[in-house]
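Each chain carries a letter (A, B, C and D) given by its place in the written order, and its residues are counted from 1.
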């Protein structure tokens, strides 16, 4: 430890503070790029961003919420129709018990969804008023539902996959840390920028502290990302991990944070993506296998997405 | 007054003019970052941005507008059905008075919401035409309502909270003005930039004038803001308030305007946020208490949102 | 003519070509900032951007399109029901002529809007199939209508007004060309940038040509535009119109193109606005009157939108 | 080959790798700017971005998907109603066979679209429950359909056309590679930037490799693009194709990739557009004919879109 390269460029724009005393053994960021953090001290309701939750929950949960809301609202209106008195609903065929309840409940459902078959229909002011309010509620509800369904569908997202490992590979006369990524849908990104930050534990004044360093990339921008792209951090004298052995990286609990930003031309929106690799996901002495080759008649390039993680072991040059 | 540091960098990009003679005792910006300003000389109707109003009014007001619109439109169509003659509506059960009015009104509501039970239904050209126009109106209305509901839900917003006070704290060998902010939902901001401007009253040629200065920050950018972030303006020889005492700041009615801009990755949109602190919200001799610590087993960070405003008094170094 | 200042900075990024032989007496840009240009050589249908047209036409035209579409579609389906045979519609009360046509037409309308009262209803495969396709068509249509209504409402726009005239006013030791603008709704712009370009006719080699020059502004950026903002182009030795008299500007048919770009924080979107002033809209020897002052008790600023165009005549310094 | 100008600036931000061994005779990019590439190794389902597909398929395909979905869902619900037993549907007029099936199927359609005439209506819990779920499904479906229709309509896009050919034309004292583009709708772009990259085959160490070079443009930015714009790459000593003959370009299978980015002010969104020209689309010795001229009374400019591709042959200067 404390082997950190003095020439390395400290990154004090991580948003994680320069003096953080965070430590422990956990990773800073989860594999999905979100912080490995618990938030307390504000009740859930205040923190809840309903819109955001409805947008990001799974489809199964979302549909469950929809059905629960639908049943609950109809139960509520069913109760109101009973309070008003069922003699204010024309066309009922049942007179007692659960069958009657069912008829009123489904009259409510027919009103809420604005199907309105009409066999059962409201008679008199109170029932008619309730029915019109229920139809209005139904329409407003489906207005929101429409928006949320659309939001779920159209949520801009970077459709890229990252290689499972970051590798330490021979590069030019030395070595480099590499990982790669590939777009897997037809949403191509343009004006892509990648930033990599190293998070590392150092010992200062007998205390474990976190430090953050820039990991400059050989090429950090791409006009268009239509195929796989290998990001290369050359481990030279400017690198914060220059001279680090595997053990050094392990002791320092090294973690690299990857931030990708690009413009998705198919939806005309900027999207970002983040991930992280910890020292346990580094492979020493490896090189990535090619992912693409010309097709049979030489008129097209063929890209193999399933080769994203493929590497072979190689011997690193002795430095 | 007029102690203003000659080395300080005038900010003439505040959009508030360089020569403003605005004075009085009021603050420039409200706590929500909007200007403390009255606008006159254009009638409300011209200035009204209906869309913007419907988007930003409270949910209670919005629902009130919806209900009023709903009732008014139905009253209007009810009137038309009466003009046409109620013998052109089939299925009515009442023949006079308020009950009849109710039946026609709710027929209208059933048409407007497209429920269309059908017990009551239009007969003949005039009534049928009116009903079809009402259904069309209803559908167009709910088209707009859908959009607005969605707009209200999806309105991009920076979900951050600011500390109640800005503090003057010891920093390195001197002092600094600090405030902090924290994201309180899971909408993380990336590429965050913060700009702080000082608004101050100076006396020039025997006249009170407003001047604006940049307040450079120690760190003004963050790649990702996932936890609390303390913004630090070092009060050194470049600072516009270098050498100011508490009384000086009070006399000059100092106010700092804070502007935060970032990219909300969860909705892929740029968002901004503003706030301001006046001299009355400055605390002299304080330092913020930490907001986070490792969890029990050292695998995660725990962030306490309720500690955002927490500070303890400290003695400032004598300069 | 040909007095043009040699030191002035040619703007070759106007998108109007550097060598344009456009001339005639017309202005380059209309007052709304759109080019004063006719486009030919592609039929209207190809050039038509239906979405864009529906979004930008007046509300009156838009509603007319909706009603025409509604009536036409219903006429079409009415025709189909007659082809199938009206004995396949149950519940009709009329048997001949225009009344029968009316009943079928409004049955169609009830289906298209999904009101579906049900007195009249389809019997048999052909009529039922047609009705279900009509309901589907109706729903798809209202899906599009919903989107367009929303698009019309939410179309981001810079809510700013420009002063009617640009004025030549005394400024510091010399003179300047000025105009001003003001936001008139509560949609405040942040990160505002203004660019001004001069379009001017020059005579070269005995031929009239158009030339474009940058008009640098004293202050061209504003962090926030919450009140009126006077844009100032100092007519000094760098100015393309340095030394021009009123006659010179008239002969050269001088026109300034104004481009404003900002971020509307209330809708989190970048908006732009353009306008132009021709030599006929320049006022020589004037200065703008103030638009704001403190309120009665000195706690707020009062902004008078109706003072936007107000100026008083002044004598220009003799240079 | 290998004539490549040593002074030319290599572009290593193409996102296509610096060391690519891609070759064969195919073009890199199709005329629409998308990569000429096959993607394999991930099953279609994983790669499918349903939203993106529904947004970009033709209107015919989209409507086919809608109808198939509509029929399938109704068949499914028809099956359920038969399972429950048709005695739970009131108002049926047919008792057997295909006619009965038709009545149930269209009852389902009336429910799914929420028309709900009501002649046929559900009786009892099971049928009523199924009908209410069908109405709910219908509403959710049309919520999604609404969003997608809107997405298809509002998809931001650069409405520009490119000239069919790139030409090698006399320019100043030498020659230049030129192509032009024109906006063909009223969606004007502002802040337009154009980047051109040359992709070329070179022979290195006896192996064919691809190399990418920047093609600097005489003017690469435009404040506003309201008319045609000719992009000019001067073939001078800095150009990667300086000294190339037509045969050289053919042997090297030269291809230029064009990337245009701008801000569409009418929808307030950034849009991008790409295209490519291969050596087969280059015309040696040509110049573009003018596309615009003043109108009859000299008050407007007339732009002829059909002249976009028009050029005349000229003799290139002997260098």
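By our rule, contacts are C-beta pairs under 8 Å (C-beta built on N, C-alpha and C of every residue); 3 or more make two chains touch, one makes a residue touch a chain.
Everything quoted here is computed from the prediction, not taken from an experiment.
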Task: Both-way neighbours, i.e. chains that touch chain D and touch chain A - done: B, C
Open item on the list: Which of these, A-C, B-D or A-B, gives back the A-D interface, meaning over half of its contact pairs coincide by residue number?
Closed with: A-B
TODO: Could you check if the interface between copies chain A and chain B is built from the same residues on both sides, meaning over half shared, or from different ones?
DONE: different
TODO: Please indicate which chain is farthest from chain C, where distance is taken between mean Cα coordinates of the chains.
DONE: A
- [ ] Quick one: report the Å distance separating chain B from chain D, using the average Cα coordinate of each chain.
- [x] 37
Open item on the list: Based only on mean CA positions, could you tell me how far chain C sits from chain D in angstrom?
Closed with: 26
Task: Per-residue multi-chain contacts in chain B, two or more chains - done: 114-118, 142, 146, 150
- [ ] Can you check the complex and tell me which residues of chain B touch chain A?
- [x] 66-67, 70, 74, 93, 99, 102-103, 105-106, 109-110, 113-119, 142, 145-146, 149-150, 153-154, 159, 184-188, 190-192, 219, 221-227, 229-230, 263, 265-268, 292-295, 297-307
Task: Residues of chain A touching chain B in the complex - done: 11-18, 22-26, 34-42, 46-52, 55-56, 90, 111, 114-118, 121-125, 128-129, 131-132, 135-136, 138-140, 142-144, 146-148, 150-151, 155-157, 195, 197, 259, 261, 269-272, 274
Task: chain B to chain D touching residues, read off their complex - done: 114, 116-118, 146
